[in-house]
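Structure first, commentary second.
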Amino acid sequence: MLPIGHYLFLSLALFIIGVVGVVTRRNVIVVLMSIELILNAVNINLVAFSRLYGDVAGQVFALFIIADAAAEAAVGLGIIIAFFRNRETVLADEMDLLKW
Amino acid sequence: MGPQHPSTHGVLRVKLKLDGERVIGSECIIGYLHRGVEKIAENRTYQQFAPYVDRMDYVAAVSSGLGYCEAIEKLLIVEAPPRSRVIRTILTELQRIASHLLWLGTHALDIGALTPLFYCFREREEILKIFEKYCGARLTTHAFRIGGLQYEAYDTFEKDVERFCKDFESRVVEYEDLLTQNRIWIGRTKGVGILTAADAIAFGVTGPVLRASGVKWDIRKAAPYAAYDQYKFEIPVGTTGDTYDRYLVRMEEMRQSRLICLQAIENIPTGPIMAKVGKVLKPPPGEVYHAIEAPKGEIGYYVVSDGTVMPYRVHIRPPSFINLQAFDRMVRGHLVADVVAIIGTIDIVLGEVDR
Amino acid sequence: MLDKVLFYFFAGIALASAVLMVTRRNVVHSAIFLITALLATAGIFLQLRAEFLFIVQIILYVGGIMVLFVFVIMLVNLDVALQQIQFARQKWVALFVALALAGQVGLMFWTSGKMPGQGLPVLTAAAAAKLPPNSETVARSLFESYLLPFEIASVLLLVAMIGAVVMAKKRV
Amino acid sequence: MMTSILQATIEFLKAFWAPLLCGVAIVAVLPLIVGYIVLVERKLMADMQARLGPMRVGPHGLLQPIADAVKLLIKEDIIPDNADKLVFWLAPVLSVGAALLSLAGLAIGPAFQIAQDINIGILFVVGISAMGIFGIVLGGWASNSHYSLMGALRSSAQLVSYETAAGMALVSALLFTGTLNIKSIVEAQSKEGIWFVMLAPVAFFTYLVASIAETNRAPFDLPEAESELVAGYMTEFSGFRWSLYFLAEYANMIVVASVATTLFLGGWLRPFASVRWLNFLDFVPVFLIVAVGVYCVQRTPKQPTRVQQLFMLAVAGLCFVLGLVLLAPVVLPVAKPFYAGIHGGFWFVLKVSLYIYFFMWLRFTIPRYRFDQLMRLGWHFLIPLSIVNVLLVGVALIAGSYLNLHGWGLLLVTTPAAIVTLIVAFLILAMEKEPGAPQDQAATSDFYAG
């Protein structure tokens, strides 16, 4: 089918775009979305290798990563809502006080 | 909710103060349909003003006409002949059923049930046919004259009314099957828009809204007019005064009106239909207040005459306008979806509110 | 032959929408592009004969998490956020991080002496037919060899649910 | 170079001509089917409300859907100012795409399945139709009017919460089949000789209620029929865009109905398929179609104009031909192999239309839920009920396997499970009653307030 390198390159590219997104964007929601993208890049690698060695463990682990991403998104968005209700802003720069 | 809102019956603007979904306060802005009827009355003769009365509560035109004519008769100290009084009672009771049918249809539609609307309008059509055969008009009938009736009852009048009353009983059962036991209907109406008896009296609310709160007050029993003293009928009374009770009270009232019509048809006395009233009416100077039980509540006429052909002052006490004042109390603490149900349950007609 | 076409198609979409997601000013647009990126990765899972993961990705990731994201974007009124500048000035930091990562992977390939092209051929299309049905194998291994992680994942989800509820409760 | 591409495309086409053909058929035929479902709905509604419904276009309004479609295409679609162009265009496309795509996974007869037996069948259909939520949310957002945004949020909240209930109900049915592949689900039902609606009645009930809520219909159609939200997320869309949403809603209805039929009502199986002496049931489809034909013929003289009479005769002719087609496999030995395909198709379509009839019937009779009641029903009642049901059905299955019961025997075990679930349901309902009067009398009784 396809040499595994293709999948590696694809997941690397997605991973880099995710990291760039996390670093450059000020809006916390977009940062969270970029983290989702990074997790997705990891998943591609896992599934590619699980198909390479024919062992399904990779896919099971990818399943766990998706579950974890769901948990992380839920709590992250909960924090954003709570923060937005108090400070009316969603930008990372203005979250500079530990306690207000 | 703007004036041309689909669910406010006519042009009523309601400003709601919301906390999220809950209503904290409300303010009704009216006057979009104000035509200055009472000012016009001051330069119209007594007979000329009669058609204006129908245009106020266009849904129950016959009963507002009856109120006006009886008030002027009281002023003229003239007694309408027994035959016209009985026919007047029959027509007013039919109008009460028609008005309640329209209320039930639109109220159910607001809450989401599509079918009752068409069933109610099918029955209402029968009643309007009878009105048309009797006095030519369906809605703003101007059926009565001061001192009696203009037209003799057409020959199949008794048979039509009897046929209508006969199959109306099964129809009411039909509506009851659709709605009364319906869990969703109960869910949407039970405990919604509660008006306690004390509040009801304090707001001066009358009609089915008052009776649903548990106050047994109906002018047809308290001060019988036309031919109501000759017939036996009871006054349905609610307990908690919520939307569900008002629904039950109005359904029961429709049944009672049907009984009155049946009793009235048996013996319509023969005799003249018009009392001795001159072409030009010059009532002696003085004032009179006469109230009757319209479908929406107590409609009162306060007429002051200064001996000339035209009344000095005519003031009309519209039941919808006063029932509307209780709206704010009922809507407090409810959700936006209930506001629609509450507007429906007070059964207001904007023509009457704004005059 | 078909696999190559499919792979390049999905990979192209994934990369394009990922780039667009990061660069868009309007958060709703970037959310939509993230959805397309996720769908493209789901396509790649399908191309790798991992149907169960394909459908889990669609139901859970796109149907669940992204709905949550779009909900929160709607709740957070965006007209205020749009005016503010969206991009931090750390453009150079980002570039440096990206170069470092690319260099690292390049190093890995260079030392192992195998260019990505010569990697082991993964699977011929014909062989795919006799593959055991994917969802059964995933389920069997999930409940046999990975039962404990499965339970821990469910506890994790429970904790996350409680946390989100407490966090978003109206502190009135 | 060119030849290899050409050769690749031919090979691609050869391998996948069947699904492509079905796909084109779905996209072309579906709007027509949806149009006629809408006509049937309006006629039914009229009939229940003592009126006639659309009669003007074509005999008995039969051409009404075509007139509607043309009207919608010609109507000028307005885009609200400073609305988000990209999202405004994307939202309806997304929601229709999700609905049509999930139709691909369904199997009408044993032969007609577009995506040939993918082994995550039912999950594929449910997953893709869950994508429809984005169409609604983004549609509400794009038309940036406050009301439609609120409507969109409400309807997607409703969709998300009822999806869990529907998912759980499906899980308890899947316990019986063991696989997700649609074709093997129906085969499992024919092997067991009993439909799963009998084995897991509570699951069927929860799925029924959840699917009504999921397609925004009947008592749960709050988001677009709410009095002050006017038309919910659809308000700003007009013309063709609006008809896309409309198409998506009805396609979703078909999807939900066919999932229920495949899983609970035995897909394309004839009722009591495996019972030998009930074989005369095979003639029922023919009888039904011929009856419709006779009715049309009997009605033709009453038609006012010549053209309408001809039209009615044509419809009657069509029914008779269809009757023949249905009769052939049962009678002629030579057409035996087609039996499963044609009859299966007929039974499947019959069950789906009965399911949709129930949707319509509900819509006309009962009033609408308020939003908080709707959510309370979803979270407090349906989801716990379906979870408990999954538990109990699992326990019943284990007990069944110990006593190695099969087919009708399983009923011995599953009925007590259903009864226990119902007891739990009443418990939940009873618990619901105590907490306080629904409307707290917040206002103090000061007469001159506000």
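Note that the chains are named A, B, C and D in the order they appear, and that numbering of residues resets to 1 at the start of each chain.
Here is the rule we use: a residue touches a chain if its C-beta (ideal position, glycine included) is under 8 Å from a C-beta of that chain, and two chains touch if they have at least 3 such contacts.
Note that the coordinates shown come from a computational prediction; the quantities given were computed from them, not determined experimentally.
Of all the chains shown, the one with its CA centroid nearest the global CA centroid is D.
Chain A and chain B have CA centres that are 66 Å apart.
Taking each chain's centre as the mean of its C-alpha atoms, chain C lies 31 Å from chain D. Centre-to-centre spacing of chain A and chain C amounts to 7 Å, using the average Cα coordinate of each chain.
The touch graph of these protein chains is an open line.
Shown are all chain pairs that touch, namely A-C, B-D, C-D. Within the complex, the chain C residues that touch chain A are 3-4, 7, 11, 14-15, 18-19, 21-22, 27, 30-31, 34, 37-38, 41, 44-45, 48-50, 52-53, 56-57, 60-61, 64-65, 68-69, 72-73, 75-76, 80-81, 84-88, 90-91, 93-94, 97-98, 101-102, 105, 115-125, 134, 137-138, 141-142, 145-146, 149, 153, 156-157, 159-161, 163-168, 170-171. Chain B contributes residues 1, 5-7, 21, 25-27, 108, 110-115, 117-119, 122, 178-179, 182, 184-185, 187-188, 190-192, 194, 196, 198-199, 202-203, 328-329, 332-340 to its touches with chain D in the complex. For chain D in complex with chain B, the residues that touch the partner chain are 45, 48-51, 219, 222, 225-228, 230, 363-373, 437-443, 445, 447, 449-450.
Chain A meets chain C in the complex at residues 1-10, 12-21, 23-27, 29-30, 32-34, 36-37, 40, 43-44, 47-48, 50-52, 56-57, 59-60, 62-64, 66-75, 77-82, 84-85, 88-93.
Residue ranges on chain C touching chain D, taken from their complex, read 1-2, 5, 26, 28-29, 32, 35, 51-52, 54-55, 58-59, 62-63, 66-67, 70-71, 74, 133-136.
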